[in-house]
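I've put the structures underneath this note.
Shared chain: chain A. Partners: chain B in the first complex, chain C in the second.
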Partner chain A sequence: MTRLPVPDSGDLRGRYPEVFDRPVSSRLALPAMLLGAFGIFAFGLVELEFSPARMLAGLNQLGWITMMMIPPDPGSSLPAYLVALGETLSIALLGTTLAAVLALPISLLAAKNIVPSNIFRFPVRRFLDSIRGVDTLIWALVWINVVGLGPFAGVLAIAVSDFGAFGKLFSEAIEGADRKQVEGIRASGGNALHEIRFGLMPQVLPVIAGQVLYFIESNTRSATIIGIVGAGGIGLQLAEQIRVLEWQKVSFLILMILVAVAAIDWISGKLRFAIIGKRAVA
Partner chain B sequence: MLVVEGLTCRFGTKAAVDNASFSIAPGSFVGVIGRSGAGKSTLLRMINRLAAPTEGRILFEGVDVTALRGKDLRQWRARSAMIFQQFNLVGRLDVLTNVLMGRLAAIPSWRSLTQAWPEQDKALAMSALEQFDMASLAAQRADQLSGGQQQRVAIARALVQEPDIILADEPIASLDPRNTRIVMDALLRINKHFGITVICNLHSLDLARSYCDRLIGMSAGRVVFDGAPAVLTDLIARELYDLEANDVMGSASPVPDGATVPELGTAAAA
Partner chain C sequence: MTSAVSILPDQQLAQLNDAYRKAVARKRLRMTLATAVFFAALVIAAIGAEVHPVTFVNKIGNFVSYFDRIATLESGARVWSDIGEWFWGWRKWLALLGETILISYVGTLAGAILAFALNFLAAENTSPAPWLRFAIRRLMEFCRTVPDIVFALIFVIAFGLGPMAGVLAIMIHSVGALGKLYSEIVENIDMKPVEGVRSTGASWISCIRFAVVPQVAAGFASYTLLRFEINVRGASVMGFVGAGGIGQELVVAVRKFFYSDVSAILLMIIVTVFLIDIGTGWARGRLFGKEARA
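Now for the complex of A and B:
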């Protein structure tokens, strides 16, 4: 066994005092932070009237609802549910596609390598930010009042809120593109449109396609939620069945949604691989 | 005749190119030599107008190139084709489309943007690829090719621009010795066969001596040498390269004995 020579701790302490005696403030920082976080948490519980007693009382109810859900059974409404599910999927698909088509030209205006001037880019960015700042659900409530209840309002809600998100994501993808490839086009005598069409788009489109597919996937879930507030689709059916306490139908609807989301997940995953290539994902 | 008059490019207070003046006769093969950071790249990029000169003028056949704008500027860029160290091909486009990029200034925008390339231009691109033994790879994506192959595609792109000048910015700096030779031979062949002026930035002095019929030496942005390779003594070269002298003058990079001009189409066999 190796034995190191015993160092002179007094000498080392003299040379590196901060290692041996950490100041009180730094030693107390972590416990103080934990204590503060706990305080905020406790305050929140009290303020929001969190009560274990009510949970325990309600637990009984939760168990009862679960019992009522088994077995899942659509009754005679299966055709209506399938139509509603189809509606939800089309809301997601149409809304996302519309958002992507509208966002692509705007995202060019928000990209630094296309519009170098801060003065022109800034308003476009803020515009996209403010649209994105309002949630899909709020947009759904707005559009329901504008165009009436139904899937059309749902499509508009998703299109508008994701327009903001896509505008930002696309412009970041464009800014991340390799400048050398664009320069190759410029040096050969291409104009600005050529630079975008041949220099940027081949680099950016696979990234954009991946993002759009992911949004279609996640919008299948969003479309369910906005259905609950009246924008059509399977969410509307779900809300109604909960209201009339038809728990077997509720559980059947939930299962339908799970299967649909899983299927979309699987399909879009396959497509993403095909577009981007395994290499880029790995 | 390309004339450069008092050309200066400043980035902030630092002059990348400082008051460069020279003129280049049509059909010559000029090597621009000097250390990294001597201003060689900036000089070539200014001639193609990728970089904007701070002062001075560039004249080509009496026309002030530095004043060109819009369509005229794009026509000039096509006439002064650029070849880059990193090839600057569009990786996700196929080889043929990359070469067709060299035709952008010559055909209407609606045709190029919709990829409705005229038959004649496609033929031009394919024959350029054939000259560099690349025609069989026309449908491959450019990012799947090796460095040497990519640079040959880039040279084909430059050639279909039907340029008067080819500006090659360290074209062999990312290549292995074998591809170095293939690419330099291709440039030399273009120069002798089509009479296209070649201005080539080179780091290696040996390569510059064997391929070029005139050398322009740059140091800290200034032109410090201008003459035939034979006039460039070891003493001047050492001043030009300073501490790097031994690296660039050593026989580290293999050079063909006396650059012979290969016949057109022989690169395929080589």
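Now for the complex of A and C:
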């Protein structure tokens, strides 16, 4: 076996100073950042009262809970759970639709190519941002105060919090639309309404439909939790069963949620595929 | 003004129009059917969700007046007329907000570390064995499909009330969400450096360390920052179930009708989320900016 000639390291160092002799500041940047990140992490562990003893006791307890969850068993309340699941799906569907309907006009106001003036657009955008900054659960709490406990509060909570998200996403879709088709309609003698109907809408609608479907999917997840504060659906049952420590029912409910979410994922995936077409998905 | 548009003979025009109508009719029929199904689903959903338009119309005034009430101090004056009175508990709330951010920070970082360790086993091109990949993928799916607040509910019972349950819940959820995103980045890398490193006789770990990690580090960091942003929102409601942070204070204020407190805490949460959004957005811009220049 022949040894490869080892290049003279001094020569290499001279030729590539930017690799071998990086300034101290850039060499220390990464370790310093990591050290800082882990410093805060350690501080957080102490501040949030983590201790090995608590951790061990908790894991032990968690082990017990998991043991008691098996096998999942709804007891005699299966019909009630199915109704609750239906309620959850209804909340997701209605809330998302309501949000989409409300967000469409607002999103026109937030789109740069429709409202060029910054003075009008800026407050609309900030308004949408602050709606999005509040979690769905908080909206649910507020709506419960208004329309009372029950799934209707959940619908409104999802509608409001998605309204913020949709406003932003729709306005981006509108801004991304191609101007040429609008100009084409105008060139053939169409008026402003024709431009929006035949130039803008065919471009924007599939994108919007795809986003709405995606949100119905993700709202199925959100709708499962708003029941925790009393806004209806399967979350209400889940929170109750956890509080009374009926672990077999808890695991059954979690399984139901997983199956429902997977089913909705599958359906909306198919639908999105049908609406947007193969090209956009790939 | 002369017009240069040529008009086709009637017969030809009729033929073209016919073909056009046929093509459109089929599309319209499908569209109408889809709309009908959608509306039927909406009606069923409305019955299922106990939607009462009458209640809504009767109570919508409550919604508007709710915002009026949370903008009013106990003395009846508007909140902004006496900032000191409005934010009377700012010391306590600021500390709790700090705790909220810390919960999401520790949860995100711990989740990111675990996801980092697991994702190479779940990515198609770096996974050592198909069965391992399958198992890890299902585990991640489970972690991200169960909402973090459900984990928090269970952990509060196992680990006791307090921020620890919140951190662990956020951690578990982040492992699922980040693990998926990480492994997608890994699946999109250029495999040539990996082959290069492997051809020198390097072990699996060395391949990952010297060929994969340098390609994916910026993408990982960017997704982690995004997750942190999402988790701050999530941590703000952890207190609803007793898992620490500002949520506890908020839920008490809402349930006991301390109106001006509700608006003060909400405002603080919104501003915090806003600042975190801007901060992480800036950091991500810098990370990706660096990538684009290289």
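As a convention for this text, the second predicted complex is superposed on the first by the 262 of 282 C-alpha atoms of A that agree within 3 Å, B and C clash if a C-alpha of one lies under 4 Å from a C-alpha of the other, contacts with A are read in each partner's own complex, and residues count from 1 in each chain.
Everything below uses one rule, namely that a contact is a pair of C-beta atoms (placed from the backbone, for glycine too) under 8 Å apart; a residue touches a chain by one contact, two chains touch by 3 or more.
These numbers were taken from a predicted model, which means no experiment stands behind them.
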Partner chain(s) touched by A:146 [first = chain B, second = chain C, both, neither]: second
Partner chain in contact with A:202 - chain B first, chain C second, else both or neither: first
Chain B versus chain C as contact partner of A:181, first or second or both or neither: first
Partner chain in contact with A:189 - chain B first, chain C second, else both or neither: first
Contact breadth on chain A, by residue count: chain C or chain B: C
Partner chain(s) touched by A:119 [first = chain B, second = chain C, both, neither]: neither
Partner chain(s) touched by A:24 [first = chain B, second = chain C, both, neither]: neither
Contacts of A:244 with chain B and chain C, given as first, second, both or neither: neither
Common ground on chain A, meaning residues reached by chain C in one complex and by chain B in the other: none
In the complex, chain C residues that touch chain A: 41-42, 44-52, 55-56, 59-60, 62-63, 66, 99, 102-103, 105-106, 109-110, 142, 145-147, 149-150, 153-155, 157-160, 162-164, 167, 233-234, 236-237, 240-241, 244, 250-251, 254, 266, 269-270, 273-274, 277
Residue ranges of chain B touching chain A (in the complex, touch as defined): 48, 50, 74-78, 81-82, 84, 86-93, 97, 101-102, 104-106, 109, 112-113, 154, 157-158, 161
Chain C contact footprint on chain A (complex, rising order): 37, 40-41, 43-45, 47-50, 54-55, 57-59, 61-62, 65, 86-87, 89-91, 93-94, 97, 129-130, 133-135, 137-138, 141-143, 145-148, 150-152, 154-155, 221-222, 224-225, 228-229, 232, 235, 238-239, 242, 245, 250, 254, 257-258, 261-262
Chain A to chain B touching residues, read off their complex: 178, 180-181, 183-191, 193-194, 197-199, 202-203, 206
